[in-house]
Amino acid sequence: MMALSLSTAQTIVAAALAHARKANFNPLSIVVLDARSAVVAAASEDGTSLRRFEVAQGKAAGALAFGIGSRKLGEMAVERPHFLAGAAHVVGALVPVAGGVLVKDKDGAVIGAVGVSGDVSDNDEAAATAGIEAAGLTAEG
Amino acid sequence: MMALSLSTAQTIVAAALAHARKANFNPLSIVVLDARSAVVAAASEDGTSLRRFEVAQGKAAGALAFGIGSRKLGEMAVERPHFLAGAAHVVGALVPVAGGVLVKDKDGAVIGAVGVSGDVSDNDEAAATAGIEAAGLTAEG
Amino acid sequence: MMALSLSTAQTIVAAALAHARKANFNPLSIVVLDARSAVVAAASEDGTSLRRFEVAQGKAAGALAFGIGSRKLGEMAVERPHFLAGAAHVVGALVPVAGGVLVKDKDGAVIGAVGVSGDVSDNDEAAATAGIEAAGLTAEG
Amino acid sequence: MMALSLSTAQTIVAAALAHARKANFNPLSIVVLDARSAVVAAASEDGTSLRRFEVAQGKAAGALAFGIGSRKLGEMAVERPHFLAGAAHVVGALVPVAGGVLVKDKDGAVIGAVGVSGDVSDNDEAAATAGIEAAGLTAEG
């Protein structure tokens, strides 16, 4: 498994923000976690509300906790709410809506996750995906 | 962004309480938070139950966390309960029902939030709004 | 036991602040709790740092938890640190330094506590005591 | 009070990292918080241990909680360990050692804090200070 370097994380943040500004999204928080769920890089645009960072981090952390994108976690939450409620209790931070996207290397190994919050979930996810792909990596939402 | 001073917060509390007494509401807890989610002023009327303050604070804190009134958070909680459950886990204090109202200055910047609890949610929100408007500021419920 | 009314709590807050301004203390947070440890009134002066309210509340809550002023809790913390560490674990909020003062009625019954934070502990306690005495009640620091 | 913009926070991070590389420090985590204690920007260098981000954030958050640099909080922790233990209980995240530095604007208002962790505390603080000063702001360690 390759490491997710600071340089790569900063490329992801910059490209996600560029996508958001070009598409005129609301102000976003972007968080890049490595495979250990440690914060590698983060940015909150001017005007983001008080806890956007925590929500973005919770999307990415949830994706890493289960090894699936937070969009799929949201589908599981609708189908089996008791599972997600229990999981959140043992896992901690976990926001099961789109916008938490796994980062995979060319061998398909999970090397981290990107979480985005601030606009509607589909737009959050689009910004995360744009950032990951700009770094030459594979996004799984 | 202007600060939310103690003097302004005390005006908000006094006007919210005056509204509640004139309308004969149940005993209320009123909490005024600044943009940092720090308590600037608070009052709990005689007869309020044990955790009214915490509920009022949770409404205001939820509004600040997401930059929307707690009434809208409540609508989101009905539509997407898993989102609010996850958000509460990462954000902490968050009561998603009407009565947590953003305070905006004349430029539209969020300078704080007022949380009220003790009567039905619509009345709680009306008291918060009356307090904010009495201070010459804009309320967003 | 008499109740600690909102009116009395507001008298305490106003008198504590007046004392602080006359003595030129640093900006203070003042919290008045009733016998149940519920917040009755609070005020944070302009310029108080982010968590002054929580520290003030923790002083008052610690006083109520054990039925002694937070100055004495601080002495116990020096003599028996393991006791205070354990107590904090079970009790929760508890800041064992001067500035958390019990409020007693004329029969000696504990009807609440006042917590103050922002200046040195002795000054915090002096402001709390001034507030309590201005309301015709007995302070026990 | 001026806001601490993303652009300014990114300047602080870049300059703190440049200082660290020039001085050959161990790998660092850098966190920039605004006055609300919200994460504006962060970076963890390759090789940082698992919870460096949280330690850096705890230094900055402690500084904001009390309005003093985390070096001074550390001195208080040595003189009055019970105070810091209690404060940590009510405040939450709080790492009382050097490396959490207040950011002040030209009027002396606290607009945020920078936390650094990874090398010895004096070096962590030096990196934070270098970052803040590169942005034309005032550092208070």
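Labels A, B, C and D are assigned to the chains in the order they are written; within every chain, residues are numbered from 1.
Going forward, a contact is a pair of C-beta atoms (placed from the backbone, for glycine too) under 8 Å apart; a residue touches a chain by one contact, two chains touch by 3 or more.
Predicted model only: the values in this text are computed from it and were never measured.
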Task: Chains in simultaneous contact with chain A and chain B - done: D
Open item on the list: Since chain B and chain D are copies of the same chain sequence, what is the angle of the rotation superposing the Cα atoms of one on the other, rounded to the nearest 5°?
Closed with: 180
TODO: For chain B and chain D, let me know how many angstrom lie between their CA-based centres, rounded off.
DONE: 31
Open item on the list: Nearest whole angstrom, what separates the Cα centre of chain A from the Cα centre of chain D?
Closed with: 25
Task: Interchain centroid distance [CA atoms averaged], chain A/chain C, Å - done: 43
Open item on the list: Can you list every residue of chain A that touches 2 or more other chains, as numbers and ranges?
Closed with: 48, 50-51
- [ ] Could you run through all the chain pairs that touch each other?
- [x] A-B, A-D, B-C, B-D, C-D
- [ ] Please name which positions on chain B make contact with chain A in the complex.
- [x] 35-37, 64-68, 80-83, 85-87, 89-91, 110
Open item on the list: Could you list, by residue number, the parts of chain D that touch chain A in their complex?
Closed with: 3, 5-6, 9-10, 29, 36, 38-46, 48, 50-53
- [ ] Provide the residue numbers of chain A that touch chain B in the complex, in ascending order.
- [x] 48-51, 54-55, 57-58, 62, 74, 77-78, 81, 84-85, 88, 92-97
Task: List of chain B residues in touch with chain D within their complex - done: 1, 3, 35-37
